[in-house]
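Below you will find the structure I want to go over with you.
Labels A, B, C and D are assigned to the chains in the order they are written; within every chain, residues are numbered from 1.
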Amino acid sequence: MAGSIYGKLFTISTWGESHGKALGVVVDGCPAGIPLCEDDIQIYLNRRKPGQNAYSTQRSEADTVEILSGVFEGKTTGTPISMLVRNQDQHSKDYSDIAISYRPGHADYCFDEKFGFRDYRGGGRSSGRETIGRVAAGAIAAKVLETLGIKLTAYTRSIGDYIIDYDKFDENEILVNPLYMPDKECSEKAGSYLKEVMSELDSIGSSVECVITGMPVGVGEPVFSKLDALLAQGIMSIGAVKAVEIGDGIEVAKSKGSYNNDNFYMNAGNVAKMTNHSGGVLGGMSDGAPIKVRASFKPTPSIYKEQKTINKDHEEITMAIKGRHDPIIGPRAVVVVEAMCAITILDLLMVNATSKIDNLKKIYEN
Amino acid sequence: MAGSIYGKLFTISTWGESHGKALGVVVDGCPAGIPLCEDDIQIYLNRRKPGQNAYSTQRSEADTVEILSGVFEGKTTGTPISMLVRNQDQHSKDYSDIAISYRPGHADYCFDEKFGFRDYRGGGRSSGRETIGRVAAGAIAAKVLETLGIKLTAYTRSIGDYIIDYDKFDENEILVNPLYMPDKECSEKAGSYLKEVMSELDSIGSSVECVITGMPVGVGEPVFSKLDALLAQGIMSIGAVKAVEIGDGIEVAKSKGSYNNDNFYMNAGNVAKMTNHSGGVLGGMSDGAPIKVRASFKPTPSIYKEQKTINKDHEEITMAIKGRHDPIIGPRAVVVVEAMCAITILDLLMVNATSKIDNLKKIYEN
Amino acid sequence: MAGSIYGKLFTISTWGESHGKALGVVVDGCPAGIPLCEDDIQIYLNRRKPGQNAYSTQRSEADTVEILSGVFEGKTTGTPISMLVRNQDQHSKDYSDIAISYRPGHADYCFDEKFGFRDYRGGGRSSGRETIGRVAAGAIAAKVLETLGIKLTAYTRSIGDYIIDYDKFDENEILVNPLYMPDKECSEKAGSYLKEVMSELDSIGSSVECVITGMPVGVGEPVFSKLDALLAQGIMSIGAVKAVEIGDGIEVAKSKGSYNNDNFYMNAGNVAKMTNHSGGVLGGMSDGAPIKVRASFKPTPSIYKEQKTINKDHEEITMAIKGRHDPIIGPRAVVVVEAMCAITILDLLMVNATSKIDNLKKIYEN
Amino acid sequence: MAGSIYGKLFTISTWGESHGKALGVVVDGCPAGIPLCEDDIQIYLNRRKPGQNAYSTQRSEADTVEILSGVFEGKTTGTPISMLVRNQDQHSKDYSDIAISYRPGHADYCFDEKFGFRDYRGGGRSSGRETIGRVAAGAIAAKVLETLGIKLTAYTRSIGDYIIDYDKFDENEILVNPLYMPDKECSEKAGSYLKEVMSELDSIGSSVECVITGMPVGVGEPVFSKLDALLAQGIMSIGAVKAVEIGDGIEVAKSKGSYNNDNFYMNAGNVAKMTNHSGGVLGGMSDGAPIKVRASFKPTPSIYKEQKTINKDHEEITMAIKGRHDPIIGPRAVVVVEAMCAITILDLLMVNATSKIDNLKKIYEN
């Protein structure tokens, strides 16, 4: 699994399994001089914590983060920042039946084929708890971006057929909303629907959006490390994501050029666009408008309903998955999407710093 | 632009501008012993060549590829394979007006902000001709994959509202169809519609799909270099792509778990799935079923219609883009999507070769 | 400091400062199926532990390693292996004077210029304790290599002018020798000399060699990731190393071709070389003979003698460095050299696994 | 051979074989805005061209470089710069006998084992001609560095036992000297000796030094991408190099700390060091003093003298290598060492640009 490292200059290495001793991340390449303490990280981790409301698993992890290196006298030193969260509330017994069965919609079968065996406890490395490292690193990235005037806002956009009404978008609602939706009315309907789904022992899909404002123009490295290409990698790498869209997303496949093109104009002396179908990305680089990215999450594959499948010995069996699991992934993944966007954008912002000789002169000439 | 390199073990470095002397690619890390000649590459390049039909630009480039290194006595040697296509038919005068204007929907403005200036001729590096390097490299990757029993099939799925009927899917139609559609009837309707759009001096969006069969199970490196994550990067990095979907794609956001989960069963002694909503990827690894990936292309941003925009001096202007440009991107990009899938999958297949000690023993023990 | 990650497929991310909470490493890409427990790591860490003999610092760290992830039921799972060693015996007060002074031969001044400030306690990230992560990762690499029949032997070759006599080379002496020398007689003389140096409040240089046997032929990736090139990077990256030599090393600059060339011959049906001036590397690839690499370590820069230097405010001062420090670096670095060789070689061995299509067929064809 | 790519931000991909159609390099990530033309490159390539004097092979390649992309209106655009040199004077017949024999001191045997076969003409990828790509890329890097006030000076330091006298060091002599030595007297003696060696049908080793002045302090990324570590990789990756030394090099193994430490002092308001035993590198970062690096080259392995060896069928044979080959490698490699230093240092300078938040603010804040 040589795939747990992400980023070119701001580089993260995540590690840990659901029921191992701990999970964490090493952040290499964080610029020195950023004020940072454990609270900065904890705020983000709390947003992905289980047991927050009626819809999420009752597993109650404290998920307390410890910073082990890279910070001195309250500031980042430029050396690797290692962060760790100990696992506490593991009910390994709940998962004992999955040791030999291949759960539909899960990676059990793939893991066994790839590695010869797997840590089956709680899904091992493919558990949602894997995202702890991403979120801790994302909290740091977001803090650096904030210093540079860049802000990220992520939220649940839809649950099943319940989609937020953008006319009722209330940013302040997001963090107090049990489903992290910016539209309270929609969230209430979605909440009722969720209970219905739960009563059917089933789960449901959802979508999450992230909007990033304050971007300098030109961030992104054509042709393979374009801003949208790396956002797509970063977000698609989150468990259960099956689609990534930028700006108008799949709608562009039906649009005409005269509609889809955003016309430039001057707004109080600044370059601006009349529309933002591009979602803030042109030719793989930021165009100055808000970046808009959307992820579609599949329904939680763990359901209480009985399903047909096979076991390790390739015998056909039926199974109903026990244990604690959320009926929906999106809301708890909102902060993960935000984290991956923050990490990706900061990394590209750092790479872009050397795009022209004038930038190098600013830094190296007295 | 430190972004023109892609892949970890099978690594490609593409280069070249629309109106420069040439375009090309260096492929590093191609396994030795693969039979390879220029015809193998030319077949792929011909699929993206302009001037093939009534709907594509009349620019008639020969686009003849030359292999400069890495092949000896008809086989790859394991050393870098350099390939080059000379530019021939450049009408630089056609583009002279864009030297100072920022075309809507194009990256002109972003390039100037990022690098201080840009090669404006024919769009420079952001031209569709940039994909020549991708396709040449993809032809090699596809050949290696073929050796291992893996096959890629890409095609145009939709043009505007015209979507292929999967019941009429005819694989043999694809390469003879002027729009690279596998459904002749749909393609005829889409063709008429395209002419209508052209008469309006406008352009239209489209979508492209790629299906990969014969995959071993377990290919893909969680958690950041998952199979779907890297396919998303590779495909989103193609110009004009605004969405990437795997399997059911955005539909999963509305699905229930009991529907979305693919049940495993035994089929004549082999592990199989009853459905393939996952699109062949579970937990970021291949699950043995066909991989299904879809890209949504925005309409060609270059349109003959007059548009409002600004110029380099930040003055508001109007412009109608002259020169030769296709009214649609998808069909000519079919082979590019296929190429990026081939490159991505081969690279991950190579990385996966060292996933367990038993594999290393197979290679190093006598 | 985006430089704490090393390796392409077997990738390590080290972290931690001398007086921070802990130090450690994340190993990504370790093949699955290797038996591994904390004792395997501890044996290696004990070899670099301080306080082992009369010549090393009396700082007595337990340096107990904890494996936090990536191992299940006693075997590596293929997921990242996180390892941690808590710091215990920090006498931060001993180092308070270096907070504002730039010690000659140390990186204090460079750190301040690069990052704006530094964690000065015990040298922070530039302390020898940084190597804990390297050694822990190296222990794993060595174990994988052992499985494949490859063995590493490292030892102190010289201390000042005292160089081992290869005719008296005794491999069994190394691990019981207080200076990790394979020649007891030489070690005793060197030991007396060391005491002399210590009594002068001074320090002395040394050299360390590593020999690797059992290598398959052809490991190493020309032209930049050659076996010797990456060994050079890996070993030169160890603090205080100022020279890396392969085989005959600097002596080749004075040799004639007729002497330096190793003649091939057949030995009981196997390809062999009559001499090994190449040190087992030809054209950047292993040639089947033992790999021989040598590192020259500068004397410990921390000395008790009074030295002239400047402080943070650029005032000229004199200082005598207090605290605990070894009078020599080589002996405690023997295991670090071995670790860097193991990591480098395993990584290249994994990359080499995909060098030819026949290898891929061995793995992917049934 | 997934090893032909070097550098993190300033990234080069070299390609080409001795007797293939051409050799070249793609430079990705060069900052935009650097004036560049083919002459800038040609000047460097001419320094490594064969047939320059009595001591080098009479093969007379024009080695004319063509820039194919990445430069517009005389300046780098920030997009990949592709450069190509066509091969002309290939006498393939001269090499026909090495097709089946394994030359001592060469990589023939290793190539066959690694890849199954090899392009044996003129040594294929392991020929000295491989360095054309390095030198072309190095010419660009040196030009960028010059813009920032950094200058590189490389020269032949020794040939056999003839070592330059530093008291007679004349920088202006280097480029006019037939052996690229800065000491005319020494060069004349070395030249006579060389003729003697040639008359014996033998070859001789040599050493090359490079000095870099004008470095900012703090360049280099501990702990694995330290300045000296990457210089070691870059230089050791040059064919025939068997040792890399920084500053005092192997002499440090015999030095005392009180001698080896460079004392800091203030020189006209600037931080300076009284000595430069460190060779300008402390803790893996530039310390402001001139960087001094030395490479030891083995004698040319191709000699006219008869040698014992084996062939492809593992039969013992004798062979005398025909064809044209230099009796010494160092002098023609001087420009290659300089090129690798330039590339390495520019890359690290670019990475260092994001080491602290203040740097990012300089670039992104208005």
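Throughout what follows, a residue touches a chain if its C-beta (ideal position, glycine included) is under 8 Å from a C-beta of that chain, and two chains touch if they have at least 3 such contacts.
What you see is a predicted model, and the numbers here were worked out from it, not measured in a lab.
Student: Same or different interface residues for chain A and chain B, judged by whether over half of the residue numbers are used by both?
Tutor: same
Student: More C-beta contacts across B-C or across B-D?
Tutor: B-D is joined by more C-beta pairs in contact.
Student: Could you work out which chain's C-alpha centre is the most distant one from the centre of chain A?
Tutor: D
Student: Suppose each chain is reduced to the average of its Cα coordinates; what separation in Å results between chain B and chain D?
Tutor: Chain centroid spacing, chain B to chain D, equals 38 Å.
Student: What is the distance, in whole Å, between the centres of chain A and chain B, each centre taken as the mean of its C-alpha atoms?
Tutor: About 26 Å, centre to centre.
Student: Determine the centre-to-centre distance between chain B and chain C, using the mean Cα coordinates as centres, and give it in whole Å.
Tutor: Distance between chain centres, rounded to whole Å: 44 Å.
Student: Identify all positions of chain D at which a residue touches two or more other chains, and write them in rising order.
Tutor: Within chain D, residues 1-5, 8-9, 14, 29, 32-33, 78-79, 114-116, 125, 216, 222, 351, 354-356, 358 contact more than one other chain.
Student: Where on chain D is chain B touching in the complex?
Tutor: Listed in rising order, the residues are 1-5, 9-11, 13-17, 20-24, 26, 28-29, 32-33, 66-70, 72-73, 75, 77-82, 84, 114-119, 124-125.
Student: Looking at the complex, which residues from chain D come into contact with chain C?
Tutor: Touching chain C from chain D are residues 1-6, 8, 14, 102, 104-107, 109-111, 113-116, 125-126, 130, 158, 160-161, 197, 200, 202-207, 216-226, 228-237, 239, 241-258, 260-266, 271, 274, 277-279, 282-287, 296-303, 305, 307-310, 314-316, 330, 351-352, 354-356, 358.
Student: Which stretch or stretches of chain B touch chain C in the complex?
Tutor: The touching residues are 8-9, 29, 31-34, 78-79, 144, 147-149, 216, 222, 349-351, 353-365.
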